[in-house]
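Letters A, B, C, D, E and F name the chains as they come in the text, with residue numbers starting at 1 for each one.
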Amino acid sequence: MTSLPLRDADTCRYDLVSLGEVMLRLDPGEGRVRTTRTFRVSEGGGEYNVARALRRVFGMRTAVVTALADNEVGRLVEDCMLTGGVDTSLVRWVPYDGVGRSVRNGLNFTERGFGVRGALGVSDRGHSAASQMAPGDVDWDHLFGVLGVRWFHTGGIFAALSASARAVVGEAVEAARRHGTIVSYDVNYRPSLDNGSLGLPDVDVAIGVPDVRKFPDLSVAATTTRRVLSASRNDFGAVAWSPATGVVRATERTGLEVLDRVGSGDSFASGLIYGLLTGRPLEIALEYGAAHGALAMTTPGDTSMATAAEVMALAGGAGAAVRR
Amino acid sequence: MTSLPLRDADTCRYDLVSLGEVMLRLDPGEGRVRTTRTFRVSEGGGEYNVARALRRVFGMRTAVVTALADNEVGRLVEDCMLTGGVDTSLVRWVPYDGVGRSVRNGLNFTERGFGVRGALGVSDRGHSAASQMAPGDVDWDHLFGVLGVRWFHTGGIFAALSASARAVVGEAVEAARRHGTIVSYDVNYRPSLDNGSLGLPDVDVAIGVPDVRKFPDLSVAATTTRRVLSASRNDFGAVAWSPATGVVRATERTGLEVLDRVGSGDSFASGLIYGLLTGRPLEIALEYGAAHGALAMTTPGDTSMATAAEVMALAGGAGAAVRR
Amino acid sequence: MTSLPLRDADTCRYDLVSLGEVMLRLDPGEGRVRTTRTFRVSEGGGEYNVARALRRVFGMRTAVVTALADNEVGRLVEDCMLTGGVDTSLVRWVPYDGVGRSVRNGLNFTERGFGVRGALGVSDRGHSAASQMAPGDVDWDHLFGVLGVRWFHTGGIFAALSASARAVVGEAVEAARRHGTIVSYDVNYRPSLDNGSLGLPDVDVAIGVPDVRKFPDLSVAATTTRRVLSASRNDFGAVAWSPATGVVRATERTGLEVLDRVGSGDSFASGLIYGLLTGRPLEIALEYGAAHGALAMTTPGDTSMATAAEVMALAGGAGAAVRR
Amino acid sequence: MTSLPLRDADTCRYDLVSLGEVMLRLDPGEGRVRTTRTFRVSEGGGEYNVARALRRVFGMRTAVVTALADNEVGRLVEDCMLTGGVDTSLVRWVPYDGVGRSVRNGLNFTERGFGVRGALGVSDRGHSAASQMAPGDVDWDHLFGVLGVRWFHTGGIFAALSASARAVVGEAVEAARRHGTIVSYDVNYRPSLDNGSLGLPDVDVAIGVPDVRKFPDLSVAATTTRRVLSASRNDFGAVAWSPATGVVRATERTGLEVLDRVGSGDSFASGLIYGLLTGRPLEIALEYGAAHGALAMTTPGDTSMATAAEVMALAGGAGAAVRR
Amino acid sequence: MTSLPLRDADTCRYDLVSLGEVMLRLDPGEGRVRTTRTFRVSEGGGEYNVARALRRVFGMRTAVVTALADNEVGRLVEDCMLTGGVDTSLVRWVPYDGVGRSVRNGLNFTERGFGVRGALGVSDRGHSAASQMAPGDVDWDHLFGVLGVRWFHTGGIFAALSASARAVVGEAVEAARRHGTIVSYDVNYRPSLDNGSLGLPDVDVAIGVPDVRKFPDLSVAATTTRRVLSASRNDFGAVAWSPATGVVRATERTGLEVLDRVGSGDSFASGLIYGLLTGRPLEIALEYGAAHGALAMTTPGDTSMATAAEVMALAGGAGAAVRR
Amino acid sequence: MTSLPLRDADTCRYDLVSLGEVMLRLDPGEGRVRTTRTFRVSEGGGEYNVARALRRVFGMRTAVVTALADNEVGRLVEDCMLTGGVDTSLVRWVPYDGVGRSVRNGLNFTERGFGVRGALGVSDRGHSAASQMAPGDVDWDHLFGVLGVRWFHTGGIFAALSASARAVVGEAVEAARRHGTIVSYDVNYRPSLDNGSLGLPDVDVAIGVPDVRKFPDLSVAATTTRRVLSASRNDFGAVAWSPATGVVRATERTGLEVLDRVGSGDSFASGLIYGLLTGRPLEIALEYGAAHGALAMTTPGDTSMATAAEVMALAGGAGAAVRR
């Protein structure tokens, strides 16, 4: 059993709040960044994607704590976030200087890869408004205490943006726990951020840890497992541990066809969290995570276009026959 | 032998006429209907697709009996049908009321699926002009008797649209048989239409029947066989039966790569009918059907972009090497 | 003076709620519906567009009361509405029958026109979920009394959809007035709906009336004035009347360049209402309406992409010089 | 009066047959040929466009006599021609040599221009199948005598392709007149073809002549008049002469907004011919031509997307207000 | 006469070298940045655009001195610059830190505007590699002395990026003059850069000065004149001064149709410089500048797609008739 | 050892010069040529592609000797070639006649295929400027002797265009060898050109030979090996021979996912040549060729979008994991 001591839904405005950066993803489709002449854009961010999926895929009430520079690019990110259904009232809007010297919005130029050519991403996120967030910017006691939040999610991408971002993570985690909010953290290792060595904050649920058995103080540790046969084909599974269940494993999907793998880890996290938030056993929650991660790889963009019904059907063993 | 008693081509204006609804398909490409901002459009309809392929792929003279509401959408369907080369002179144009209360054109929002995410279609075809066709609307004796038709094709999608459509099917089949026209019927099972339980009219050739050996009164019974490994990969074959040959099987294609499976059953039907219309043995006709069905899954849209030469080459065992 | 007796913002969850149908607009860009092979899609609806603009352009809290069939098309409309920022919690989701016989979502195939070729729209909205709304479907007393709404907007498109829709309008207007909510109504004349002869409900503000001086019981009557030089160039102005001001006129813009005029009347309405909601004099509110209507014609789609700052700048006489 | 001695429709399979080349137009949209990375394609040809418009805009029965090389490009042209509704049974398909040394299909890279930048076209039509047509290729007596044709149209583009093409024109015109078919000829001056000095064959109706009064042997002479204010704005009118009417002039449209002017002369011709084919007075036929030419400039591509109703409405003075 | 003492072409590798930043422009086409989901990309930069046009439009040998961060975005800018034909061997490639904290590439999100909605640009160029260029980075004596350059161009955008960029401008101008290279400087006023108050360096030719008569020490002072009737229509002219000619004016183009005005000032500069570089009188050079600026406004993007022949034809009074 | 006697880089302006035709490729994306309405365009040519990849992928100095007709299409090819970074100063520009009778530019309509549907190309290259090149057109002694070239590449496509092209190949190969330039030749068998029977000129390195052991006079013979499982999946390897090494084989990649195989042979050649030009052992050079050929199949178009680092990583055994 993984019965996390969740706060009651009626006493909370939000089922989940994420803290993290939201970037504009620029995607060259089947081409490459370095030679394209067109980009499709959408929003994404490791921590945010979890809040988005819980809202659009699983129908929960979510919000994101982040900061954006108030220019046309930031407003485009907002336009995308509205599509994502995530409450944007907690976004800090920072005045823009007209040039981007003092503050900017994070950008993420990422191509999906194909076959022997791996996915490739360049983030252009220096000096972003999110990376400049600092302790004291957010009234966490109001958020967790007055508005009420059942689950708080953040992770190692945001924490690696700057020392002040890292301090905000600490401040937020502490406040969340103080108010009885469950806290999850996705390590989300990125070589460009060199965030592999950041320690884990004091959380309930850790995702993306290299070995789920190594964190006996956690309520749940979980991670995806992936073998990259090619950019277009992966073996994909998931493993989790809790004190009550020990190690459990999700269905391994071998030779999974991949259109765009970016964001699949976040989709795994959201499926897992959805299961835990709704009181499913860890085995089931893990299957939700694995199925949602798999589905997210079948569509372009960082974020998932799946439905809860599809996640549950796939988790339950359904095939890919046509529905009409 | 499957020598069907075909009428002579010289005495017939049409090699084949289909009766059925033609819908506008709206296709979000590699995305999903629920989140797209662009659609590609083309026309399609289970019965119509057979007439289209016999015309464009196999070079025969075909027409479609259907009805359309006379508005810009209906005219767009006509524009697509003209591209399809199918004679449109038998289309009934029904006046539009400006709103779509009394009569409409059928729409079909369908996404192709990818990997573990299956193809998904939503038809919006209520109150369509085709579904409102009724006995007496068409002068079948003029069509079959005066103009002359060698083969008449209809099926279980149109029959399921309404009681009056079903009556039109009965009326047409009877008239066709009276004039010596071979009649084929594709069961085309669709859960949304609940057409699995409709009985088979009195036809010569039945397609899409669950078990080809169960219809000893038919001249030919045939169906595709498909194992959905994923939306992007199917095992695909076909089986047929005739009194003379008993059960015959086409080449099984395992691990067939699929771009868009929608319409492959209709392409199977058209390849089979082409073989039978040109007097090939059932084994060969069945190979044409299976090869054409396979080729149709390599291009977007309900309808086939293959050529007769490609169908015959694939049926004869040719590979996918580049031609240039 | 046009000081409408507005409810206090603090006591109301919403600044404005619209009642009306939201359709999916399918737009062939610079081509025509009847010959296109691609559509861009967005959402739109005469009454809804006002709520959307007040939210996205003017930053107010708005919602829409409507109904949608729960299929992929309805979910696409929802996806677009989320982008629009309008609260979707008041949407009624009606189960879909898989075919569209009992209930559907409204569609709107509209091309923008160019030069001597006028804009042209075909709506396919028969049997829509919105048109089937009936008295008793909505708990208006909860909405206006408990949640609180400062301004209620509806109009002659929704009212013309069906007798039951008309009854819902009556029921809603009465409830709104009972709770002190200001009510506006846009006549929105459409030949396809034959809604020119519908009487005006008992409202405070009427928009789109043929002659603003003919409604002495209203607090405000207003309308745009337009001379269509071509589909690409209009003379565009606005006129309003109130008991205190008599007839006032907005700046007339002659030879205004038009990209897509559809929705400009709704943008006029939203600018006017914004002005009135924020206590501006009618002259200023009317200028906001005229400026917003003009800006909405410079972008594709039914809905506005302008900002409040741009509306106010244009209303104040600013030119179209580059900003960078 | 311009009562041309037209053959009876019942005795003719075709209302009009055109003789000319059909090219693939490659259109860079709002960009330029020399820097684009995408082309939209459609079919076009000065003589063919008249047959296409009479079929798709005016609902008449038309065909084209032409030749195409039988390769994928030729089949793409056929695909477009089918969309155009023109009977393709008179097309000669010439075997392709795999390289294009002996025979090719004509291509037409044309950009629309904008403002001070004029439209610009490069034709790549050397060695085309059409240019290699020769006397004896077509059984004109069968066409005009057995099948029956009411109106035959050809022109100075096809005639300038080669000496043999010119001889085919002569052969065809003579045969047409022998069978009582009305013959029209559009001079269609093109500097690249140096066809200004070709003499006029012995025809009934001449279009595009520099001075309509200089051809007293004709039944009708007509031409458009155009003043190019910019690529985006033209003054556009038309003038015609007949023995009975003398010189007549169509409504002059000043400052007409132009999206793509290419093909407007052919649309003028088709509107005029439609009027004459249906027995309208020359004044009315000329107005149809001028209105259709104006409408054709509001859409991309060489060919018209207008409807007969729109042509007649514009010819009758209608404006460009929205219809919905 | 404006006979500038130009170095001999045979002794110089380059006809012109520009110093400035090259940004990636992201263009939403006819939509807006804040609501788009797709961008077209191209490269641009006030100083660079002059070198590009002299190469691609006028066929001269040019290079750009700039710096780029060595990541996928920088390589995309290089890809675009190669298309532009400008020699890229003088580009400094700065190692990227994976995040964009220390160095980035400049981005420019710009929409073109339409009618009453003006063009709008947001540059995101803080911390760009170009803005971090510093004295000593470039061996100017090698460039001007050994390789040889006839004309050096820079301007007020680059100079405003940073104090070190300003110092580089000073260093370069001094070196150029020391080696007998003509120097031009475009003030290029941008509110976002607050560069209106930067003094003019010691140059031969100044462009974009508010009043051409106020700089008696210059060889040539010139500027465009523009009256913005709307974003789609400008009155556009140019004025220049030289000691020998006094004030001269180019043809004024009233009501010029504008597709995308961004970059037209740079196109003016390049046309003017081309004239001066080839020894034309100032009057002629000014007409080249005005014509080229006008043509550049008829195509998307910052840079010109015109040809020298088109520039000269328009400067000579040619119209916008079709060429084919 | 395969130590080819390479000329010193310092004494040569170019590392490699190719002789061959450059065509405009028109690509229908995931659709088919015969039914598409849009094409993406890029440039390509068997011999040219090698020069392009050596420049853009491997950073060497390359040029192409070819001829183009001087019209908008030729200028579009030039625009693409500039993007390719290949020096265009050796291109012969032939005046265009306005029609394409005497000279044209080569076009290549090619679709990529999918699954059981093979790639399909139609070249339309008759009468191209390149095919009309003749001995004496190029001053080879100036190129090889004065400018200096380390490696010269040509092949069996250009040689098959015409007798005069074949003679130019002979003339060039002889001149290259006379000046100590290494010469490679890619047989590049094409059924449409019937070039299988052309003899091999007197070269150092032969590519695409059916059996690498059959040419003992060569320094290196090499070829790819390919088993077409489907258009989307190939087994792909390479084999080479040199006197010193005998037969060597590259890593065999089984089940390689293919997006667009066209041009992969040229990418193989360029990788191999890069290895040999930089003095790598044949085994390594062959691995570079095989890896580059594999990467080129993961992107659209004839030409490669890979980087040297990616080629070397894949050749060294790296996988397709995401990089970010």
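The rule is short, and it goes like this: a residue touches a chain if its C-beta (ideal position, glycine included) is under 8 Å from a C-beta of that chain, and two chains touch if they have at least 3 such contacts.
Fair warning: this is a prediction, and the values are worked out from it, not measured in the lab.
Trainee: Moving only between chains that touch, what is the shortest number of steps from subunit A to subunit E?
Mentor: Contact-graph shortest path, subunit A to subunit E, evaluates to 1.
Trainee: Walk from subunit B over to subunit D along touching chains and report the minimum step count.
Mentor: Steps on the shortest route: 1.
Trainee: For the two copies subunit D and subunit F, what is the rotation angle that overlays their Cα atoms, in steps of 5 degrees?
Mentor: Angle of rotation between the two copies: 180 degrees.
Trainee: With centres defined as the mean C-alpha position, give me the subunit C-subunit F separation in Å.
Mentor: 59
Trainee: Could you give the separation in Å between the centres of subunit A and subunit F, each centre being the mean of its C-alpha atoms?
Mentor: Each chain's C-alpha centroid was found; their separation is 45 Å.
Trainee: Counting only Cα atoms for the centres, state how far subunit E is from subunit F in Å.
Mentor: Roughly 37 Å, centre to centre.
Trainee: By the touch rule stated above, which residues of subunit C touch at least two different other chains?
Mentor: Counting only residues that touch two or more other chains, subunit C contributes 32, 34-35, 37, 79, 120, 122-123, 191-192.
Trainee: Graph shape for the chains shown, where an edge means the two chains touch. Line, ring, star, complete, or other?
Mentor: Other.
Trainee: Run through the chains and report each pair that touches.
Mentor: Between chains, contact exists in these pairs: A-B, A-C, A-E, A-F, B-C, B-D, B-F, C-D, C-E, D-E, D-F, E-F.
Trainee: Give every residue of subunit D touching subunit F within the complex, in rising order.
Mentor: For subunit D paired with subunit F, touching residues are 26, 32-42, 71-73, 75-76, 79, 96-102, 104-105, 107, 109, 120, 122-127, 191-193.
Trainee: So in the complex, the part of subunit E that touches subunit C is made up of which residues?
Mentor: 30-32, 34-35, 110, 113-123, 190-192, 228, 230-233, 261-262
Trainee: Applying the document's contact rule, which stretches of subunit E touch subunit D when the two form their complex?
Mentor: Answer in residue numbers: 253, 256-259, 294-295, 297-300, 305-307, 310, 314, 319-324.
Trainee: Where on subunit E does subunit F make contact in their complex?
Mentor: 79, 82-85
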